[in-house]
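Below are two complexes that have chain A in common, paired first with chain B and then with chain C.
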Partner chain A sequence: MKNDEIVGLLKGNFGEAFRGSEELSGDLTVKVDLDRLHEVLQFLRSHPSLEFDYLPFMTAIDYSVYPKPKTKEMETKLKEAKAKEEKIKENEEKLKEAKEEEAEKLKEEIARLKEEVVKAKEESEKLKKEAEREERKKRFDIVYQLRSTKHPYDIRVKAEVGEEDIVESATDIWNSAGCDECEIYDMFGIKFKNHPDLRRILMPEDWVGHPYRKDYPLKGRKEDDEYLDTHLPEGQLKRPEHTRMP
Partner chain B sequence: MGVENVVITEKLDKLISWGRRWSFWPLTCGLACCAIEMMAASAARFDFARFGSEVFRPSPRHADVFIVAGTLTKKMAPVVRKLYDQMPHPKWVVAMGSCAETGGVFDTYSVVQGVDTVIPVDVYVPGCAPTPEALQYAWIKLQDKLRKEGSLKA
Partner chain C sequence: MNSVEETRRVEINMGPQHPSTHGVGRFILTLNGEIIEDVKPVCGYLHRGLEKLAENMTYQQFMPIVDRLDYVASMNNDLAYCLAVEKLLGMEVPERAEYIRVIVAELGRIASHLIWLGTMALDIGALTPFFYTFRDRETIYDMFEEICGARLMYNYVRIGGVAKDITPKFMEMLKHFLDTFPRLMKETDGLLTKNRIWMRRTKDVGVISYDDAINWGLSGPSLRGSGVNWDLRKNRPYGIYPSLEFDVPYFPEGDVYARYLVRLEEINQSVRILRQCVEKIPAGEYMNPESPFVRPMKKPKEGIALKDFVLQIRGVKMPVGEIYFGAENPKGELGFYIVSDGAGKPYRMKIRTPSFVHVFALPKIVKGGLVADIVSVISSLDFVFGEVDR
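Right after this comes the complex of A and B.
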C-alpha cells in the first residue's frame, strides 16, 4: 500500500474530518479534526492492512508565535519587479537608436535589471506561498508518530488543539501513550480525558506553569527563582545574587 | 598539664587528618554526564584507589565526600540537600563540571545556577566534563585543604 492509498483510505472513511496530507521525502503526515482524532487512531491501529501497532512518540507544538503571512511585503516586491520590467523595455527601445558606446552601457544595465527582476519575483513567490497558508485558529498541534511493525509504514497524525480543548487519551490504543501524554500535559498544559494517571512527569509536582509554551520565559519567572527558597529546609544558604544572569 | 597536652593534641590532630585525607569515601551520586568521568576515575585505568577512596558508598550515612557530578535541577535540589544533611561530620563537597559550578550552558528555568546555592562547596572542578585527571587533581587539592586545616576544624 502506497502513501496515497493510505490517504485515500482515510479520506473514504472520515470524509470532512480528514483535513489534508503532506509528504516530505516519503514521510506521510495527515491532519485530522480533533473531534474524530481518537477514531482515526483506532482505525489506523486496527485496520488489517495498516496495523500501526507502535507509537514511537507523541508530542505537541505551540504555534502562538508563528509568523503571520506578509501580504504587504509581497505586493511591494511585485510592484518593484513591474517597474523594473518597464525600465528594461525603455532601455531596449533606446538601444535601437543608440550609438556603439552607449549601446554597450545600455546592454549592461538591461542584464543587471533582468537579474534583479528574477530575484524579486522569486522572493514574492516565497511570500505568496506563506500567504496562501491557512491562518491558524487554534494554538497547539498535537502530533502522533505511528509505525507499523507488521507492514513497512510510517505515518504522522496531527490535530489542532485549542487551549480549552480536552483531548481523548490514546492509552487504550497504545500503552506507551501514557508517559507521553503526561509529558505533554506537564510541558504544554494540554489536558487528556480517560488517562489513568495524568500528572506532571518532568517538572516538580507543585510547579506552576507549562515551560514549553512559547510565552514562558527561557530563564524562568520570578516565582521559579523562589522555588528553592520554599523547598529547602530553614536556615539554608541564601541564594547569592551573582548566580543568575540578568 | 598544659605543655605536654598541647604537644599530644597537635600530633594526634596530624594523625587524624592524615588518616582522613587518605581514606575519603565518596557518595555514589551522579546527576548527569559528569558521572561517567567520575566512574572512569574510580575504575582501573585512573584508579582512585591510589588515594584511598575507591569505596563509593551507596548510603550518605557511610560517605564523607559528596561529588556533585552534573547538572543540578530545581527538582533535584531538595534531594541533594537532604543527602548532604544525612552525611555525618566531617564532610566535604566537590562541585564537578561547569553545570555544578555555575549552571553552565543551562541558564534556564529548571536548573540551579551553581550547587553552592544549595550546599557549601570545598573544591570546584572546571570542565565539561572534567577529565578523570582533573577530578584527581581536585582530590589532591582537597587533601591539601585537610592537611592545612587539621582535624579539629572539620
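Right after this comes the complex of A and C.
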C-alpha cells in the first residue's frame, strides 16, 4: 500500500473529518478533525492492512506566532512574471524584423527572460500553497507519529486544538502515549480526558504557566525571579543578572 | 481485613541521589511487604528546556547541545540530529563521510554498552566487570580524542559530513582495537554470562511480553529483549547500513537476562560492522562542499563578509515543512521532529528520546516483583537522565 492509498482509505472512511494530507521527503502527514481524532487513531491501529501498533511520540505545536502568508509578495511576483512575458512577446516580434547581429542578442535575452519567468512562477506558486494552507482558527496542533512494526508504514496524524479544548487520551490505544500526554499538559496546557495520571512531569507541580508556549519568555518570567529571590534557601546564590530577562 | 492490609503498605522514596538510578532519577515505590505494588517515576531534576532553546537557535548552534542529551553516546546523538536536518534539506553526504560516521557511531555504541555493562554489574554486586569495561572504554575515548580532541562531548559529526578527516594514527588505533577488544570482551563475558549468581539475579526478572513491549513504546535493545526483531538500521535503513552485513540479535524471554544478552551480542555485531568499514572505507571528501553550513576557509572580502555575518546570525534558510527522523541509538530510538517555517531557526523541535519512554514503562515491568529486583530492572533498561528530562 502506498501513501496515496492510505490517504484514500482515510478519506473514504472519514469523509469531511479528513482535512487534507501533505508529503515531504517520504513523510506522510494527515490532518483530521479533533472530534473524530480518537476514531481515526483507533481505525489506524486496528485496520488489518495498516496496524499502526507503535507510537514513537506525540507532541503539540503552538502556531500563534507562525509567519503569516505573504500574499502581497505573491501578487508582486505574479505581476513581474506577466511583465516579463509581455517583454518576451515584444522581443519575439522584433526578432522577425531584426538583422543577424541583433537577432542573436535578442535570442539570448529571450532565453534569459524565459528562465526568470519560470522561476517567478514557481516561487509564487509556493507562496500560494502556503497561503491556502494558512487558515487556522485554533492555536495548537496536536501531533501523533505512528508506525507499524508489521508493515513498512509511517504516518503522522495532526489535529487542531484550541486553548479550551479537551482531547481524548490515546492511552487506551497505546500506553506509551501516557508520558507524552503528561508532557504536553505540562508544557502547553492542553488537557486530556480519561488519562490515568495527568500531572506535571518536567516542571515542579506548583509551577505557573506553560513554558513551551510561544508567549512564554525564554529567560523566564520576572515574577518567578522575584519569588525565587525572596524564597531562596540559606546559602544559595541568586540567579546572575545576565541570565535574566532584561 | 482491609485496614490490616493498608497498614502493611509502605511508601518508599528511591532517589534522586541513589547510585543505581543512573543519574537523578526518583521513583516513589509503594510496597506491600517485599512486593512492589506501584511505582511512580518523578523526573525533571535535569530539565533544561532543550526544545525551547532549539527554537531560539540556528540549526548549527544547536549541534553542541545535542551532545548533552545522552552524554555517554554523544556521537550517536550528533549523527541522529545531522541526519534529521539533512532529511529536511534533502542533502547528500560524501561516501567517505558516511563511512566515518558509521565508524564513530558504532564505536560510540560499544562505549555506551560498556558503561551500561560495568554499571549494571556494579549495581547487582559484581565489582570486577566495572574495571574491565572501563579499561576498554578508555581506549575508545582515546580514539575519539585523536580525531576530534574531545573525550566526552564531541560535536564531531556535522551537517553535511564530519568536522575533520580521520587520521592514519586513528586507523592504526582502530585496527589494534579490533584485534584486541573481542578477546578482552570474552573475559567480561566469562565472568558474567554463565555465572550462577548473575543468572539468578537476572533470569525471569522484570519480564515484559512482546505485545506489551511494543505498546509501551520500548525501543532498541530493550525491545529486542522481548523478542521483537526490530532495528531501525534494518527496518528503516539510513546511511550506508544497507550495504553492511550484520545481524539483529533478539531473544524472546523478555527478562533482564535477555536484554543483557542482546546488548552483549550487539557489541559483537558492532565489531563486525567496524571490520567491514575498515576494509571498505574509500578516499575522498569528508564534507559535502556544497553544504550551506560550510564556511569558506579564506578570509572573505568585505561584501561577502557582511553576507557571512548575516548567515551566522540568522542561520541558513531551510525549506518549509516538517519531518521526523529516528535513528537507532545505543539506548533505543532517538528521533528529531522538526517543524520549519522557512527561517534559519526551527519553529518547533521535538526530541523523542528512548529513555523518557523507558522510565514511564518501568511501572509496567516491575509491578508485582520484588524490591531487590528493581535495581537490576532499572539497569537493564539503561536510561540516562540527560535524555529523560531534556
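Observations, loosely collected:
Everything that follows uses one rule, which is that the second predicted complex is superposed on the first by the 167 of 246 C-alpha atoms of A that agree within 3 Å, B and C clash if a C-alpha of one lies under 4 Å from a C-alpha of the other, contacts with A are read in each partner's own complex, and residues count from 1 in each chain.
In the analysis below, a contact is a pair of C-beta atoms (placed from the backbone, for glycine too) under 8 Å apart; a residue touches a chain by one contact, two chains touch by 3 or more.
Just so it is clear, the structure is predicted and the values come from calculations on it, not from any experiment.
By the document's definition of touching, neither partner reaches A:Asp165: not chain B, not chain C. For chain A, the partner that touches more of its residues is C, with chain B and chain C as the two candidates. By the touch criterion stated above, A:Met203 is placed in contact with chain B and with chain C alike. Of the two partner chains placed around the shared chain by superposition, chain C is the only one that A:Phe57 touches, whereas chain B remains out of contact. Of the two partner chains placed by superposition, only chain B is touched by A:Pro233; chain C is not. When the two complexes are overlaid on their common chain A, residue A:Glu116 makes contact with neither chain B nor chain C. In the superposition on chain A, contact of A:Asp33 is made with neither chain B nor chain C. Of the two partner chains, both chain B and chain C are touched by A:Leu218.
Within chain A, the residues touching chain B in one complex and chain C in the other are 203-204, 211, 216, 218. Only residues 203-204, 211, 216-221, 224, 227-228, 231-233, 236-237, 239-240, 243-245 of chain A touch chain B when the two sit together in their complex. Across the interface of their complex, chain A is touched by residues 40, 42-44, 47, 49, 51-53, 56, 87-88, 90, 212, 214-217, 219, 228, 230, 235-236, 319-324, 326, 333, 335, 337, 339, 341-343, 347-348, 350, 352, 356-357, 359-361, 364, 389-390 of chain C. Put simply, chain B touches chain A in their complex at residues 74-75, 77-78, 81, 85, 102-103, 107-110, 112-114, 116-120. Residues 22, 24-25, 27, 29, 53-57, 59, 61-62, 66-67, 126, 130, 143, 145, 149, 152, 154, 156, 174-176, 178-179, 187, 197, 201-204, 211-212, 216, 218 of chain A are the ones that touch chain C when the two sit in their complex.
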